[in-house]
Amino acid sequence: MSLLEIQDLHVWFDLEHGGELHAVQGVSLSVDPGERLGLVGESGCGKTTTALAAMGLLPPNASAAGRIMLDGEDILAGGEETIRPHRWVDLAIVFQGAMNALNPVRTVGSQIVEAIELHGRAKGPAARTQTGELLESVGIPAKRAERFPHELSGGMRQRAAIAMALSCNPKVLIADEPTTALDVMVQAQILELLDALCRDFGLALILVTHDLPVVAQLCDLGAVMYAGEIVERATVDALYHSPGHPYTRLLFAATPDLGSNGEVVSIPGAPPRLDLELRGCPFQPRCDRAFGPCTTIHPGLKTIGAGHAAACHLNDLPAIAAP
Amino acid sequence: MSVAVREPGAVIESEPIRSRRGIVWETIRRRPSAAIGSAILLVIVLGALLAPWLAPYDLHKQVGPVFGHPSWSHPLGLDDGGIDMVTLLMWGARVSLVVGFAATFVSMVIGGTIGVAAGYFGGKTDTTLMRITDYFLVIPDVPLMIVVAAIWGPSLFHIIIVIGILLWTSTARVIRAQVKSVRERVYVKRARSLGASHTRIVFRHVLPQVAPLLIANTVLTIAVAIFDETALAFLGLGDPSRISLGKMIENAFQRAAISTGAWWAIVPPGLLVAVIILSCSLVGGALEDALNPRLRVAHLSARSFRLRPLVGRGREAV
Amino acid sequence: MSSNGDKPLLEVDGLVVRYPVTRGLVGAMTRQPKRSVHAVEGVTLTLQGGELLALVGESGCGKTTTAQAVLRLVDSESGSIRFEGRDITRLGTRELRPLRRQMQLVYQDPYESLDPRLRVRATVEEPLLIHGLGGSKTERAERVRQALIKAELSPPELFLDRYPHELSGGQRQRVAIAAGLVLDPRLLVADEPVSMLDVSVRAGVLGLLDGLRREGLGVLMITHDLSTAARFADRIAVMYLGRIVEEGPAREIVDNPQHPYTRALLSVVPRRDPRDRLRPQILRGETPDAVHIPPGCRFHPRCPIAIEDCKRIDPKLEPPAAGRTPTHRAACIRV
């Protein structure tokens, strides 16, 4: 039984003029302590919504279904009531753009102290000591706690945001595009930090991003999302070397790489609208290997190997459907 | 520096109505407050406009005793001169509305021009213009109006000018802020880099973005202008040759309508002014709401997301 | 639109751009020394027609400012900019106007660079109207159509009447490119043209730029993404704190980097193959702000191979010892 297991999660958003957007359609994934899972997809695929749902931070116009099992207990079952005790204490999130969301009129240190005190972990001097230790563990010299966010560089602010998320010693950290707004050198520093946190403290990490190479370098497992669904889930090695879904393969092919000078492709078309019921495979209109059943039968996520699942009819073909 | 990939949402088409044409019309259609306000205003404006043809009695002819009671033939009674109140209301509203609209027009032209100039050119122009705006803001309205009325003489024209001069400041500020932000939009910078002239940019790119806000602001200014005129007239500074709603209230007040118990001489005009102002506020407020996304506070709602029972789509291998 | 023989399309020599840092009232009263942001500190580069030069670097390195200076959108303090042999550094607005047709800029944000109230047709037509080109309405409409086709928005009829919000990010960026192409420019400056687009559409837009380059357009592409630069650029110039620290053919820079900064940068760019384990050379700290430039070599405080001399000597761009082509140059005294 995993530390965190999301089972068959669905999220709908009420639309302004009536109707619903089915943003997350039956997503299941899990992480164990020390594991890093990369949740990959392009804009609108539902990865951020999934992350927010796991934290119970969906807006009032959203409705959700499914199970979020934390240490065997379904924390989604009672909505806000059951999730709140675990928020920040067991599950924490670094939001997209968190480095720009720090309170500008309070010092960095005081914001972390506040988080610690609010969750009853420590008070006063003890909280301040913990804050200092926390900042050191993310690579910020403790004396910088007296600084205001605007006095810190982008990389430092991101570390501060990570420190805040870790202030209550959570078991699972969800990081939504933690390095997207950062320079490549600072990105490397942050990724190194996340790597160390997982290794040394057994933190489970769910990295939500559109950046495949980042996932390839930092994560062990990857889940590729498209149109609200997980279309493939495997080790990152398998995702690159033996992808079971054309979207995974094409997404890698669309990413330029320093290592190779091969053709970089683009995928024609656009993702489907999620406010309409879909028939068949959501990727079919853009797929280069679509055939018969793809237009009418929705491919479910099926195991195609050890720890490898993909949602594609091609995997059912007896002959070698080589990617 | 790399920037986050924007997540416009899976449905590209569903952008807020801000980018579509006719946001004013859309707002009126969609929001009950705006619809009600517009409807009321329409009725009042039509009534005032058509006063010469619709008014039941002659404006200057006495048809009964002073402060005659309301009756079937005179639903709102008679005023201190024995003239039918309903007739007076229609003509009075006419004057009040004319002053309101005209003064607002003056203030809109001045305020809009100054706001656009300050916001667009920035720098010294901005500082100078805003300094001027500040001076006007500081001037106390009523004393100025008294002085002007004393020096210039209280004619309708002068009243309109005075009110207009006092009201443009808020318009200028609001427009300036909006222009400043629009000016920083990438497509405006692009037009500049293409070599477009200032005129072109202002008229083609800036004003269309600013227009809806200008309309909202104008509607709200009308409310204030009418209030100001009413107040002025009530203080006896209005044009003595014209009957406005404020003048009606002043007349009734002067002729001791209250102690006589002739509520119908005071209350209806006051109520009508209030209704006009309220309607303008409803429409203007709804427009402002629709235009300013930051006024939306849905995310601060205490309500949480809702749960649904699990849909049985079949277990997947985890 | 063929390339002009051997004459470079664009020649920048010793460009310096500085912004004053406002001191504020307190600063002025306490007589703090006036400081400036040294955005660009002596950049020299050339661009031929039919060539794609990628200006690469992290935030604050001056790449965007260089592009803006080249287009005369900001004024430079010293140095020269020559466009097709003509010195445009100090030209006034009136003289620049005809030149603006030849140099176009494509912005980073496809969601913001189009006026939401104008249809595609109007957006692409506007440059023609501004410059008084294209004679009659029909002629202009034809030029608009051609520009859309060139930007790979075919058939153009499908897009002419759309509003920006009805288009995807990639399509909007193509419209922006079409609006740039409608004037038949010789130089296109693209500032992070794909960084805000989804990965699956980037190659399409970059391929478009590549195709335009092959037709003779000179393209100056600003990017922070080394992988993109490696794949699509002919030449790469790496900038750090306002200077070019290394430049040369793209493939050469990526396969045989000489400057320690370039090496460090390349070493930390994530690869898509998980088996491609990096040996990242992560530099400590972050790029210092451009107000306080270190003396000597500006990179020496973070340089892994810095020696004493590096604190005194400001290196020039010269071919390194281990360089494989004469056009490969690096600014480091140790290579």
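Letters are used for the chains, namely A, B and C, taken in the order the chains are written, and counting of residues starts over at 1 for each.
Basically, contacts are C-beta pairs under 8 Å (C-beta built on N, C-alpha and C of every residue); 3 or more make two chains touch, one makes a residue touch a chain.
Since this is a predicted model, take the numbers as computed values, not measurements.
J.: If every chain is a node and every touching pair an edge, decide which shape results: line, ring, star, complete or other.
T.: Here the contact pattern is complete, since every chain touches every other one.
J.: Does B-C or A-B have more contacting C-beta pairs?
T.: Top pair by contacting C-beta pairs is A-B.
J.: Quick one: report the Å distance separating subunit A from subunit C, using the average Cα coordinate of each chain.
T.: Each chain's C-alpha centroid was found; their separation is 32 Å.
J.: In whole angstrom, how far does the Cα centroid of subunit A sit from the Cα centroid of subunit B?
T.: 48
J.: Residue numbers in subunit C touching 2 or more other chains?
T.: As it turns out, subunit C has residues touching two or more other chains at 58-59, 168-169, 198, 224-225.
J.: What positions in subunit A touch 2 or more of the other chains?
T.: 42-43, 154, 183-184, 210, 270
J.: For subunit B, which residues are shared contacts with two or more other chains?
T.: 1-3, 5-6, 8, 12-13
J.: Which bits of subunit C are touching subunit A when the two form their complex?
T.: 58-59, 168-169, 198-207, 224-228, 230-232, 251, 254, 264-266, 268-276, 278, 280, 282-283, 286-287
J.: Provide the residue numbers of subunit B that touch subunit C in the complex, in ascending order.
T.: 1-3, 5-6, 8, 12-13, 15, 18-21, 185-187, 189-197, 200, 204-205, 208-209
J.: Spell out the residues on subunit A that touch subunit C in their complex, using ranges where they run on.
T.: Answer in residue numbers: 42-43, 153-156, 183-189, 191-192, 210-214, 216-218, 236-237, 240-241, 250-252, 254-259, 261, 264-268, 270.
J.: For the complex, which residues does subunit C have touching subunit B?
T.: Within the complex, subunit C contacts subunit B at residues 58-60, 71, 73, 96-97, 100-101, 104-105, 107-109, 111-117, 126-127, 130-131, 163-169, 176, 179, 192, 195-198, 224-225.
J.: Sort out for me which residues of subunit B touch subunit A in the complex.
T.: Within the complex, subunit B contacts subunit A at residues 1-14, 298-299, 301, 303-311, 313-318.
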